[in-house]
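First chain written, first letter: the chains are A, B, C and D, and each begins at residue 1.
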Amino acid sequence: MSGADLLALLPLILISISPVAVMLAIAFFRGRGLAAALALLGLFISFVSLPFAASYAPRSVTPLLVIDNYALFYMGLVFAATFAVALLSDGYLRMLRVRSEEFYVLLLLAAAGSAVLVASAHFASFFLGLETLSVSLYALLSYPVTREKAIEAGVKYLVLAAISSAFLLFGMALVYALSGTMEFSGIAAWAAAGIKYSNPVFLGALALIAVGFGFKLAVAPFHMWTPDVYEGAPAPVSAFVATVSKGAVFALFLRYFARVDIHTMGSLALALTVISIASMFAGNLLALLQNNVKRILAYSSIAHLGYLIVAFLASGALRVTAVSFYLVAYFITMLGAFGVVTVLSGPDGDAEDIEGYRGLAARRPVIAGVFSLMLFSLAGIPLTAGFVGKFYIIAAGAGSALWLLISILVINSAIGIYYYVRVIITMYSPAPVEAEEAALPPKSTEPAGPAAPEQAASAAGAIIPIGGGLVLAVLAIGLIWLGVYPSPLLSLIRKTIQSLM
Amino acid sequence: MIYAFYIAAAVAIVSTAMVIVQMNIVHALLYLILSLLSVAVIFFVVGAPFVAALEVIIYAGAIMILFVFVIMMLNLGTQSYRTEKGWMRVWTWVGPVLLASVLLADVVYMLVSPARLPGGGRLPPAFVRPYAMMVGPRAVGVTLFGPYLIGVELASILLLSGLIGALHLGRAVRPESFIGPVSAKKPGSSKKTDRGEGTVKK
Amino acid sequence: MMLPYLWLIPALPFAGFLVLSVLGRRMGNGPAAAVGVGSVGLSALVAILVASSFINAPPPAHVYTQTLWRWISVGGFAPGVMLYLDSLSLIMVLVVTVVGFLIHLYSAEFMAADDGYSRFFAYMNLFVGSMLVLVLAGNLLFLYLGWEGVGLCSYLLIGFWYREPENGAAAIKAFVVTRVGDTALAIGLFLIFINLGTLDIQRMMNLAALHWRPGGALPTIAAALLLGGAIGKSAQLPLQTWLPDAMAGPTPVSALIHAATMVTAGVYLIARTNVLFTMAPAVQIAVAVIGAATLLVSGMSALVQHDIKRVLAYSTISQIGYMFVALGVGAWSAAIFHFMTHAFFKALLFLGAGAVIAGLGGEHDIFRMGGLRRQMPLAFWCFLAGACSLSALPLVTAGFYSKGLILSSAWEAGRAGFWLWAAAIAGALLTSIYTFRLVFIVFFGEAKAKISKKPGPRAAIPLVILAFLSVAGGFVNFPAFFGIKGSMFFSRFLASALPSATYAAPLPETDLLLEAVAAIVSLAGIYVAYFFFLSSPEYSREMAGTAIGKVLKRFWFEDWGFDWLYEKTLAAPYRWLARTNRNDAVDLFYSFIAKVNMFFHYGLSLSQTGKVRFYAAVIALGAVVTITIAVFAR
Amino acid sequence: MMPPIPANPAPVNPLRMDMIPMNYALIVAWVLFVIGVIGVLARRNLLFILMSVEIMLNASGLAFVVAGSRWGQPDGQIMFIFILAMAAAEVSVGLALVLLAYHRFGGLDADAANRMKG
């Protein structure tokens, strides 16, 4: 391993050192502020080191890792999203009054796993990155150990993730048994030499791998865990699961298939088509009348991964652009949406009941505005990042004549608008207290009655933690920015593609 | 050698099947260890003596011991045997077994079926040269600390996250709550004991 | 060189809008006004600097484009966020920012007592920003964004006092009626994009000239659809009905949006896409005919209104009719010239009317006003300047020069020219009459009410400046027959952006004659107004009392029954359809879809049992399905 | 740095275990895997579920080792070592979670953990 290799690896090294540094620091001095600050610092330094590493890219560092612009781009996304999650968690954990030092260690470890994932060029690094991410998530999901729902979420995720990992591993073993190599490039070369896409074992093995991917991406029919886990987990962790864990896996998925025209492997493309359609319908239909905001977001994320697979099934360079842009938009939107849930949550439980959002616009207009913005972006309303992303997906699909998938995507966008707007309407309709006051003569209420809800409202209307507010503001601006002025990001993404093709 | 493989495979399959039908969790654990040992034999037979040793030492030795500890901590005795018996009905097995047999058939078909060529010809089943070759500990070690060096580092990070996670979650568990009737007395958990058969009744 | 700062012109009002909408509630009135007025003022300043730079050191081909970025780039579809500055858009930008600034300044005082002070300025800033996007847009998509933006602001501002239900109804009416035109415009854009593969305006016109046959079906349809958008936005026949009702908004809104700027967006659109219209002669004639008909119809309606703002609204419709006539006969620069002078004097008239209304505590009915000349001298003199300009008082007013140019252009326009000229000259007579009817009734005669409030400095300054512009604004385009050096400066300036008039300019002698006729007609109109409404009003009452007079008055007052017609032929049947169809097939179809979705929702929800073993089973099932498809469907 | 991966199976190796057929070994691994699947689906006790998961992981490891020895490469065994590490990490966190769940839900019933559904 040469010096240049090490320099290229710098972001990975830094993100791996950070959890160790936090751990050592809290061994001597426990304090949540210190842990949070160190974690943020670690993420920041890792992020800053990316352009530096880019000057040594593209480069294969041992057969396990490849550092190219594509990997660095997604690492940047992972670090930025983790940074946002860490900032959001700060206020959240303070409010929960739990020990929070280990949280940051685990969060950094999860980020390190994701970073390895996006840079992996080999089954071994892929598997180890994925498992580092998963194992850290088990503990993160049940981090508030006094909450039954959190424990339940952790248990469910653990069992199902382990099963899906086993499927994934078996598929990888079969591919290895066939091809004699575990490097992605080697496998692609092997597959290209000769007609391997009619080889049943190869296709079956890829299907098994798809099960593992499908679980992590939460696409139907591997999506069942998503709502439960999102609901049970602390809101910032849900944000992390919804964004970083999925984004990193999808990035790898795309890298793995970037050089393969998916349509040469007919039956696998068919399987993915089925998965995509099932995810779009399952996600949107399940969200339709859901009353739990976290579950709505979970179902919505299922649908969005279905949209992403539509772009994935297209051919040509446009699909990488479409997927990458959509992922960035999706990251911003989901982080923002869960961020709103996070800052609204109180110590008794997360702000997940949709009725709790009634009248939010009157109480906290800015928060309600940000949330509406995020929901508009999820729905794909123009001038938001979500619209441009969806536009690119449709363009990519249309370029490959995937008319069935596109029409289903359009139908599902229409269904989706219903529940997004439902949340917005709830926020902008008068709060139940106000409505009662308007309807009833003031004397009919108990003297003690009006005081209590008011107090509750003022407690819920406490000041937003600075970190959380900052994150939401940046995300909202980013959302509009990408919706109006997407070209810098697009040109960045185009640069990453060159190393991929 | 081939007979050793068949015998070990048979033992592995039977003992694994025994694991999942046991009522008594300690018995199940012992069957699991037996299964792991026979898999170790398979490893040895297919020419991987190093991992055969690891299988025995780490899997059967270390990891299974963790299960034993937990079983001891929870003091799962006769009452757990009764609950298991209560849960164990014939029809609970129908669905899983059906699903699993389809899964089994699918993959076995896939492993033995030939690949079709575009011209209409057929390739023989996937593994043209189904041989196993000996790979000794030295080769494993050299490769592990050569090209896979980063993998070793990553594995250490993985273990670190397991460590921190277990530390955080485990700290919340107070051992005394598992001993004796304490958990039954707790108002919170006594409320939950009427949830059905799946609870500890003392 | 100021040209690279072009983007600041629309950006500043948007910034003002953002600041006001985020912080507005927490700001006091003072800072809100500072932001609201200041952003537009800065924008006007930048516009003036850009203009001086553009005039002193013209960019190559007198066109400056600034591509800020490409919004989306997929295949051939790459709409750029591009600003396009030529002499035409420069004039528009100057008028919008300068007049906009003056009206903002005026509003700072006019709206001072209102609750929604910062909300008002936020909307107004958004409006100015959108309008600037509209006029600076280099491609039709971006233009459409501005087009819809001003429509939205118009809606928001008409319904600004949303607690009164009529205001909300007026806002909805404006939105719905202009929507008809917008739909046509949108279809036109699709048509153009599908057939020419671009939405860039200049490229589109070049390609159209290359590939389309003049007078052919495609240019005719495209131009007709764009015209549809234009008549909706510019309140021309038959979509003019929304504008009088739009007077429900605050008076500065009427001045800015419904007189000076937004309603002329249609004129701008036609001028901007002039090549397309030149290629579709039939449509171009339609433009002229619509303009002529509109100016007559609404001129007569203006004659009988009681509400001071409605008189001015009908007058606006009628004056835009003049611009349409000019566009229709290919006198592009004449239309823009009239747009500019109209913006000055109509804004002035509205602001003057606003001062009067505010002075009388919200009184709109002109017959309850009177004798205000002495009580509000400043408002009177300014209003008088605007009225003279509107009536095209010879030589000393801007309106005279701009209207004269349109009249002489119409005269020369082929065979139809005479009729167009005749209509326009009749309209000029009407204009003088209704304008001075207003002046005489409101400002002369005996006082009927006490005024409670006089315009303060922030309202007075815009009035004076606009009065000056209304009088002197025409001197930039002296007719050629005066033989003064620098005559027709304005038209020559615009020549780099707009083709010179399709028809040959009239001979100076003819021109002089025509101007003389126009001058006489204008003066005659004033005399008629003086006679009927000031010196011997009994005649006018007598005339109105006859049977024909009653019918006509009623008819004109009700805007020629257009509202009635639409109510009977469109709105009522539609409501009937909606009522009878409440449980009918279409609805059933949609509720069926909803029901199907609900059904699947509940069905799928049942699958979310919360049991981890079940979830694992579904994963295993998914694995079976995936493997089966992958292996057996190969 | 990495020894080049042979494009084809290495020439005859003196230590060739030429009697062990690949297919059979893989089928054995898959049978073990499927038994693990049955265990997860049929048992309600969380500890049994965890044990079944271990069976599945072990079966995947077996497949890797078999594949590695088919090519005469150490890579399969190395993957097994990584799986071992992962299983250890997973089991430690998993058992901690099981203890927590026992503590909170008063038992090991996986079906009792269904507060969230719908």
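As a convention for this text, a contact is a pair of C-beta atoms (placed from the backbone, for glycine too) under 8 Å apart; a residue touches a chain by one contact, two chains touch by 3 or more.
None of these values were measured; they are calculated from a predicted model.
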{"item": "Chain closest to the middle, measuring from C-alpha centroids that were averaged per chain", "value": "A"}
{"item": "For subunit A paired with subunit D, centre-to-centre distance based on mean C-alpha positions, whole Å", "value": "27"}
{"item": "Whole-Å gap between the CA centroids of subunit C and subunit D", "value": "72"}
{"item": "Inter-chain centre distance, subunit A versus subunit B - centres from mean C-alpha coordinates, in Å", "value": "30"}
{"item": "Chain centre separation in whole Å, for subunit C relative to subunit B (CA means)", "value": "76"}
{"item": "Shared interface positions of subunit B, touching two or more other chains", "value": "95-96, 99-100, 103, 106-107, 109-111, 113, 116, 127, 147-148, 151, 155, 158, 161-162, 165-166, 169, 172"}
{"item": "Residues of subunit D engaged with two or more neighbouring chains", "value": "1-2, 9, 22, 26, 30, 36-37, 40-44, 49-50, 61, 66, 68, 70-71, 73, 75-76, 78, 82, 86, 89-90, 93, 97-98, 100, 104-105, 110-111, 113-118"}
{"item": "Residues of subunit A engaged with two or more neighbouring chains", "value": "1, 62-63, 124, 128, 131, 135, 138-139, 142, 145, 154-156, 159, 163, 177, 198, 200, 203-204, 227-228"}
{"item": "Arrangement of touching chains [line / ring / star / complete / other]", "value": "complete"}
{"item": "Residue numbers on subunit B that touch subunit D, as the complex places them", "value": "1-2, 5, 9, 12-13, 16-17, 19-20, 25, 28-29, 32, 35-36, 39, 42-43, 45-48, 50-51, 54, 58-59, 62-63, 66-67, 69-71, 73-74, 76, 80, 83-84, 87, 92-93, 95-97, 99-101, 103-104, 107-108, 111-112, 125, 127, 129-135, 139-140, 142-144, 146-148, 151, 155, 158-159, 161-163, 165-166, 169-170, 172-174, 177-178, 183, 189, 192-193, 195-200"}
{"item": "Residues of subunit C that touch subunit D when the two form their complex", "value": "605, 608-613, 616-617, 620"}
{"item": "Interface residues, subunit A side, partner subunit D - complex", "value": "1, 62-63, 123-124, 127-128, 131, 134-135, 138-139, 142, 145, 148-149, 151-156, 158-159, 162-163, 165-166, 169-170, 172-174, 176-177, 180-183, 186, 227-228, 231-232, 290, 295"}
{"item": "Subunit A partner contacts - residues on subunit C that touch it in the complex", "value": "22, 68-75, 77, 81, 597-598, 600-602, 604-605, 607-608, 610, 612, 614-616, 618-623, 625-627, 629-634"}
{"item": "Residue numbers on subunit A that touch subunit B, as the complex places them", "value": "1, 16, 19-20, 23, 61-65, 99, 102, 105-106, 109-110, 112-113, 116, 124-125, 128-129, 131-132, 135-136, 138-139, 142-143, 145-146, 154, 177-178, 195, 198-204"}
